[in-house]
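Heads up, the next two complexes both have chain A, just with different partners, chain B and then chain C.
So, the complex of A and B:
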């Protein structure tokens, strides 16, 4: 599917320079809050307007795996966005830590597998 | 005689004045007696003897005093290094834990310590705060060895030995950021604190502000692990402790992280039915051989356990994530101790300990040759 235009979400500027825990109760700047307040509204908008959401992960202090898993895997698990929708409307950029892109892809696949069960 | 003297004399002889003066003198005398009695009691408490007795007897060592006052003496090993002498240090921690569980006041005998490292220091500090916050008396003496004594003094151990502590969610011992050892304790995942610690470390190593995403990941994974897994069935129950030592001369910073939770293997044995790792032994029995817990730790860190149990691709969550950070050269000299397993991850050395450590201890170094982002 060909998307019309691009939207950008820079995690450092739009959320936090110090992403933290998985859930809000575990600490500040959590993946859960990022998903609920930033990522999910943006991806929903991208899907409805047939746009591509580009999420830029660079410029932060660094990421815990739980933050990323909750933020991206949680879209499938909690917000019922499908893997195919994310494949068409989500793009991740990480020049400083290129392995994060593969990590997130595997979290999405895991979440899609669990959702299918 | 001046006129004023005449009036003052008359005043001193006045009945009202004399009565008032006598009353005040009596009160003051009573106060003095109370203070003297208090001082006598305080001296007796501090040394086990009255002041007169102290003056008339030869000096008694703090260790002997501790015995007199009913402390349990716990001898620290000569080599108080968790990395180089894990068995004896694990035994030492076990004795401290026993005393803590029995609410027994403790005197830690450190005078024979010849070697100490930052890992052992974070353990000592955390144990001290645990004792004090629960109102259990905790005392100790100085190592005779100059280097060990200096390190312990830099850590703020002796400064805090006589302080009061209460049960709190976070502690900070020694706030001096660029000198010696700084120790933090919390129950939550604090990514802002870890980021600040890393900035300070970068100043020591590169003399400029940099980001070390690998160290940040390691710290977040460990904090998250403590928060989620240190107690079985509870989250946010235990503190994590982190000591950071800045070695300006060698341009390196040492991180020692410890929690006194159940440890990796106890946690693994108690996985609930909803966990991916429930019944893991059965799932790997014909596929992986590990021998003891040290072999199992190797499988955990290289991801084989996760891959085999879950049949999913493994992207290094938790402790394996920390090992991944080392593989990417973002940290060096990674050591992990949990329960009866010891891993020198960089040296690929996995050993079963004779004494089990209740908790998880992780140590690594950050230096000039490690990856960072300007």
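So, the complex of A and C:
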């Protein structure tokens, strides 16, 4: 599927320069809140407008594994977005920690496998 | 002590023997003399001067390169030392079983970025080491995963006290994770020491 436009989400500017834990109850700037308030509304908009959402992870203090797993894996687990939709409408960039792109891909695949069970 | 005196005695005997051989061979063997022609062809003089110039230039250039290479190696080793210091600080925190959340994520990023910088410079200056960037980054990823993974609601069991938890902006680790973290941190340190030895000896 060919997407029409590009949308951008810069995590440092649009959410926090110091991303926190997995859940809201665990502290500020959690992956859960990022998913609910920023990522899910944007990805829903990208899917409905046939756009590509580019998420830029650079410029923050760093990411915990759980923050990213909850934010991205949670889209499939909690928000019922499919792996195929994310494959077509989501792109991750990280120059500073390039392995994060592979990590997120594995969280999406794991969440998709769990959802299929 | 005795061994040292014995060694000195052997060296003295050896020196005397070499001295005696020198005197005997000097008296017994006549070495031929050679003469230098006072008339020197200008072309030959030019060739001699040119050869001398090239020899001096080569020695200067090689010496300079050796000095520069040595300085680069020293800087690399010092940078790796700093990396090891940061890892040892992390190791101290892990041994207590409690690490600040922001510290955990920022140290993971710092280790990754510093590794990329050092190994970029190692490649740029063609310094040889069998410890590749991929090996170090792989270990850093493993440490980061253990350091910052907390269970999801689906996998969390209240009864399991060994699970990692987050409380008051601190990550609290169970004994199993502490053991795994210590092992991976030690492996990472060993790889960095190996890289330092390679850099020194190549």
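The definition used in the following text is that the second predicted complex is superposed on the first by the 117 of 117 C-alpha atoms of A that agree within 3 Å, B and C clash if a C-alpha of one lies under 4 Å from a C-alpha of the other, contacts with A are read in each partner's own complex, and residues count from 1 in each chain.
Everything below uses one rule, namely that contacts are C-beta pairs under 8 Å (C-beta built on N, C-alpha and C of every residue); 3 or more make two chains touch, one makes a residue touch a chain.
None of the values given here were measured: they were computed from a predicted structure.
Q: Just from the overlay, do chain B and chain C fit on chain A, or is there a clash?
A: Pair status: clash.
Q: With both complexes overlaid on chain A, does A:110 touch chain B (first), chain C (second), both or neither?
A: After superposition on chain A, A:110 lies in contact with chain B alone.
Q: Between chain B (first) and chain C (second), which, if any, makes contact with A:50: first, second, both or neither?
A: neither
Q: Examine A:70 and indicate which partner it touches, taking first as chain B and second as chain C; both and neither are also allowed.
A: second
Q: Residues of chain A touched: more by chain B or chain C?
A: Between chain B and chain C, the winner on chain A residue contacts is B.
Q: A:27 contacts which: chain B (first), chain C (second), both, neither?
A: Once the two structures are laid over each other on A, A:27 reaches both partners.
Q: A:19 in the overlay: touching chain B, chain C, both, or neither? Say first, second, both or neither.
A: A:19 sits against chain B and chain C alike.
Q: Regarding the shared-chain residue A:97, is it in contact with chain B (first), chain C (second), both, or neither?
A: In the superposition, A:97 touches chain B and chain C alike.
Q: In the superposed arrangement, does A:82 touch chain B (first), chain C (second), both or neither?
A: neither
Q: To test your reading of the overlay: chain C has the stretches 3-11, 57-65 or 165-173, and exactly one clashes with chain B. Name it.
A: Only 165-173 shows clashing C-alpha atoms.
Q: Need the overlap of the two footprints on chain A, from chain B and from chain C, as residue ranges.
A: Correct list for chain A: 18-22, 26-27, 61-67, 69, 96-97, 99.
Q: What part of chain B is in contact with chain A in the complex they form?
A: Where chain B meets chain A, its residues are 188-192, 194-195, 198, 211-217, 220-221, 223-224, 227-228, 235-236, 312-313, 315-318, 321, 328, 373.
Q: Any idea which chain A residues touch chain C in the complex?
A: For this pair, the touching residues of chain A are 18-23, 26-27, 61-67, 69-70, 77, 96-97, 99.
Q: Would you mind writing out the residues of chain A in touch with chain B in their complex?
A: Interface residues on the chain A side: 16-22, 25-29, 60-67, 69, 96-97, 99, 102-103, 106-107, 109-110, 113.
Q: Which residues of chain C touch chain A in the complex?
A: Against chain A, chain C makes touches at 101-102, 104-110, 112-113, 137, 141, 144-145, 148-150, 152-154, 166-167, 169.
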